[in-house]
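Below you'll find a set of structures to go through.
Consider the two complexes below, in which chain A is the common component and chain B and chain C are the respective partners.
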Partner chain A sequence: MKKNLGVLAILLVPAFVLWSIFMLGPAIWGIRLTFTNEALTGPAARDPEFIGLANYQRLMRDPYFWGSVYRSFVFVLGSAIIGQAGLGLLLAMLTSERRRVWSRIRLTGRLATTLCWLAWVTPETLIGWCWISFLDYNGVLNQTIKALGFEPVYWMVRYGMLSIILANIWWGTGWSMMLFKAALESIPREVEEAADVDGASSWQKFRYVILPLLRRPIFVNVLLITIWTYGVFGLPFMMTGGGPGHRTELMTIYAYKTGFKYFEIAYGTTVSIGILFITLILALVYHRLLARKA
Partner chain B sequence: MLKRYLSVALNHLVFLAIATYFLAPLTWLFTSAFRENPSVWVEFKGFTLENFPKVFTGETAIWVRNSLFIALTTAIIAIGCSFLAAYPFARFEFRGKTLSLFLLVLSMTIPLSAVMLPTFSLARFLRLHNTLFGVALVIAARQIPMGIWVTKEFITSIPIELEEAAWVDGASRWTTIRRVILPLCGPGLAVIGLMSFVAGWGDFTTNLILINSEKLYPISMGLYRASIEATSWGYVSVDYGVMCAIGLLYLIPPMLAFLFTHRYLVKGMVLGAVKQ
Partner chain C sequence: MYRCVKTFFLVGLLFLGLGALAQEQITLSLAYPTWFTDYPRFLNWYIPAFEKWMAALGTPVKIEVMELPAPDDPYREATLLRLAAGTHADIFADDTFYIPADALAGYLLNLTPYVEAWPEWKFWVPAAKDAITFQGKVWGLNRDTDVRPMYYRKDIFKLAGLPVPWQPTSWEDILEAARAIKAKRAEIAEEIGVSDVIPIAFKAGILGGEATTMQGFYMLLLGAGGRLYDAESGKWVAKSSALLDTLKFYHKIYIEERLSVEPEFWMAGAPVDKIHLYLSNVGQRPKEPALAMLVTWDGVWYDTVNPQHERYIPDPPGRDAVLAYCKMPAKEPGAGIRGQDFVTISGGWGMVINAATQYPDIAFEFLKFVHSKGEMLANRIAVPGSIRLPARWDLIEDPVYQKLATSYDVFCATELVPLTTVRPGLPEYPKVSDLVQEATEKILLGEKPEDVLEWYAGTLAAMVGAENVIELP
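== the complex of A and B ==
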């Protein structure tokens, strides 16, 4: 094999430069920023100073920050862990082509999975655009509710958190569904046939045969979508902007507002270090898991 | 027998309920795109196709152009960088290889929203804020880890003997990279290109933090601004018909891209997370 360090360097440089500036760079730059008082306006904009741990001390005492930590947790639990993983698993199981009834329910089954997939490929702002209109006081949902004889509701004002959770489930379920479908297909048919021979009911088959075999994919997927959902920003920001009040203000939205609305770049970055911290820990767990397999 | 019918009916019901959940928020988009001056209600009257040509005039045409520019630039940069960097990872042993691969994978999980303020601060420092090229660079950089990973797998699967035979005949490493490796990596690079295109096409957050001139708005920023205008002050200055038409067109590229990459995606899932 030819050894050529020059070739090696030339090939690696473009990717390395871009990656270190825009992926590694912001993380390191961000950590440096948290020890300063950089801002977009005022005297600190011209001459940022090092202020030590002051930003972190402020963070610890900031009720809005802890509120956003709590809301992000609720958002992740509701939309990713319960919503996307739950609905995705249900859809994947119900549309398994090995079910005996599959040939008779194929049509509606395919319709549901196709629409679920379509939602997953939709760009973020288009989802926001559709859901804002859907939940609008004069929107489709209230139109339906009125037609059924109920009172219309200001959904995003009264049930802001539920609104963004439902929209995020709508967006992300397709991924989990596809992953679980792939996992189900990798289970050998013999395993199920053996259970059939033993006379297991479909529930028993699911509970005692399939579910234990799916434990690892489920765990890995929940970890992945938890990491992603902690970082979700655009969709809830577009729908509610964190409001009404602070009731849907996730960590990402609080960080954005602190930086770009109140112009406190340094303190906003300190807030987002919280997100970085959570996702990095989860990512390390994820990496360990994959490494152990290999 | 009755039990069987009940079970089939129950399955249909569950599927229809799920399908309704996924379809309902889209009904307004699909109907309004084909209506004259639609309201926020869903109605089936005033059918027209006029909204679609209108997308390609005035402000919305600029959005489409900017989105295309960002998406294409992102795809080209991501393909180029990933392909070049993947070769050494597949064919050389060098110090720090394991560490760099680990850092690459780890960096993949950092959400942009966790680093958006330093990204803005850095882009401003490099005079790249408020430029479409800057936006494309930031998005492309985020595609590189996945890109290198996928291409590396492709190159590793190409037998080294193919290259060695060419070297014996006097070909240089550059020649084999161009003539042997590049053509065989085609499908992998196409997947990376499509994924990066979609990432650039659908991006909102990068544009939100870096772009403030309306002339540089892509479709995502246009939709965002329209949604603010539509929900504030009670009056409507937005033509819902044109906005929904552009929304429908906005959906087509990612749909096609994912149709083509679906098989690779599922294969990647099986390798990554599913396999026991």
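== the complex of A and C ==
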């Protein structure tokens, strides 16, 4: 056994070295950076100084950061929790082959499942371009509207937050749907049959039998997509760039802009650490809730 | 016999090795904006010619090109990331307004000893010298500078019943013309064969980047007699009536009177490219609008006759029949900066040397080559519209060069250059510029000029320090 452990350690070394170089190292470097005033240009780029907790103090008082925290919350609530999880559950129920919500469900259900899944496996950049070509001023939507005789609208400017929420729902629902489908199939048939025998309506069956049995998968899924969605950057950045003004500036976009538009790399890293903490707190809250309910 | 061969072989190897050492080639890298009209000239002429010249001198040099993303903002980001990582090119082009910040960052080689030892440095005109000098040291070389006229569309003006040629003398003149065009926009659009006619545009919004600050906001601010930085007190201007007037003008054309594109235009896609396409639309893009008045940089005059350029105005009607230029007036005669009736502002790019280069002397040789009088003149001939406001006065006075000047060049050199001014050459400027762009975006989003100024003052003080701002009447 002892000998096996030694072999195990040796086998782990290459992976650990790579992980240290590409994950742990930069992470530690990043944390170190947040205690300096390092910038990519100007005097601080030449002689970065150790400034203690000043970046964190600034973060606490930074209205743009807290604004972005709020916007990220709205984005997560709208696109992940209500959108992806809610819609995913609905789609999973509707396309469940065992339950046959409507007749001829098999083909439509499978088609819908495939399409949702297809969106989820498509790269972020492609999704971004799809939505831009749809919502742009000269995009498909406005062309249609013009053909119908209405005035075109700058959708991504006037309804920026709604646009990125819709796009993210469209992108991510496939994941929740698949997860819920698997969970639904794992519910024992007998339980649902017993409810049928007791004369429960479809809604009652869903509310009092299926939903309680799905609680755990739902919690796990919401936890996962919350963390992912807080980290989403490419899709909203491509579509609105955080604008107009700061109206769609999520935490990730704010971190990026601080680091690479205003070139304050140390403060940008501090913003990222802020994001990390907020996501961590949320994960802990979910974890607690899950433990208590179980 | 065998030993003999072996010795011979070894000696041969030794000589080969020595030869390789002696032949070790010097490699320099160069980054130049790929979207500049004379970028191909670097690839096809400057680099091969310099390599041959250095080889003839006995120091073979190879210059490798480093292509960076385009346009300005991605180029800037790539430049700074490479500089910070220590992997940037030995020679690169930098917009001169970034020179102070980059010099302080220690990225740029101090060229003062090099230029002082170079007899031709005395030919640089003072304004051009200023653009590449910071804290008394020279950080780069520049070939030319630029100015900003106001362009207007003669065909639209005529159809609106406005006089041509036209030279407004106040902001009110501009607004009057815009109102006259707006009143007839549908008929003019139909006549020209475009979707709509937009009377006027001033660059605005965050997406506009530096163009918003320099070609939109600054051109108005100077006309209201204001500046962003008060050189007298050495402080940034947080509030002034000129700042407020400028914001009010934006509010007037975009919100109050709707004399321009929809405010949302500036917040989506690539608005600066688009607005130029509107200015040059004479019906070749029937589904897009045409724009009647725009302040922008002087090079647009040459883009519109270049068939390869997307801003090309097809012939017929041809540029000269539809496009004209004039000076940007102050708010009222005499109300501009230094009491001027008309205003403009200059900028331009410089070539700098990476402080981390292994071969500073050879890099400077390349700079000298590109900035020599003969090469600049050759560039002027080869690339139409290039080097029209040269940094060297010996070139300005050259008879061949003078022969090449068009009436537009003469207008820029004699009418606009005497009026011109520059942006504050300070490391904080790029950040203040970002703030200005955001202020214009707030106007576009419908906020009141007074509120926006209040916000600007507060944010500026937080950015540069309350002790570094001043409120002017």
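The rule is short, and it goes like this: the second predicted complex is superposed on the first by the 259 of 294 C-alpha atoms of A that agree within 3 Å, B and C clash if a C-alpha of one lies under 4 Å from a C-alpha of the other, contacts with A are read in each partner's own complex, and residues count from 1 in each chain.
By our rule, contacts are C-beta pairs under 8 Å (C-beta built on N, C-alpha and C of every residue); 3 or more make two chains touch, one makes a residue touch a chain.
These numbers come from a predicted model, not from an experiment.
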{"item": "Touching partner for A:263 - first (chain B), second (chain C), both, neither", "value": "second"}
{"item": "First, second, both or neither for A:67, with chain B first and chain C second", "value": "neither"}
{"item": "Touched partner set for A:48, first chain B, second chain C, both or neither", "value": "neither"}
{"item": "Contact breadth on chain A, by residue count: chain C or chain B", "value": "B"}
{"item": "Touching partner for A:157 - first (chain B), second (chain C), both, neither", "value": "second"}
{"item": "Chain B versus chain C as contact partner of A:122, first or second or both or neither", "value": "first"}
{"item": "Chain B versus chain C as contact partner of A:245, first or second or both or neither", "value": "second"}
{"item": "Which superposed partner A:86 touches (first chain B, second chain C, both, neither)", "value": "neither"}
{"item": "Doubly contacted residues of chain A, that is, touched by chain B and again by chain C", "value": "136, 260, 265"}
{"item": "Partner chain C, residues of chain A touching it in the complex", "value": "39-46, 136-137, 154, 156-158, 241, 243-245, 260-263, 265"}
{"item": "Complex interface listing, chain A residues touching chain B", "value": "1-2, 4, 7-8, 10-12, 14-16, 18-19, 21-27, 29-30, 33, 38, 87, 91, 94, 101, 104-105, 108-109, 111-112, 115-119, 121-134, 136, 138-141, 143, 167, 170, 178-179, 181-183, 186, 213, 216-217, 220-221, 224, 227-228, 230-234, 238, 252, 255-256, 259-260, 265, 268-269, 272-273, 275-276, 279-280, 282-284, 286-287, 290, 293"}
{"item": "Of all residues in chain C, those that touch chain A in their complex", "value": "73, 77, 80-81, 83-84, 98, 101-102, 104-107, 205-207, 262, 264-265, 267-269, 427, 431, 434, 438, 441-442, 444-445"}
{"item": "Contact set on chain B toward chain A in their complex", "value": "4, 7-8, 11-12, 14-16, 18-19, 21-29, 39-42, 77, 80-82, 84-85, 87-88, 91-92, 94, 102-107, 109-122, 126, 137-138, 140-142, 144-145, 148, 160, 164, 167, 173-174, 198, 201-202, 204-205, 208-209, 219-221, 223-224, 226-227, 230-231, 243, 247, 250-251, 254-255, 257-258, 265-266, 269-270, 272-276"}
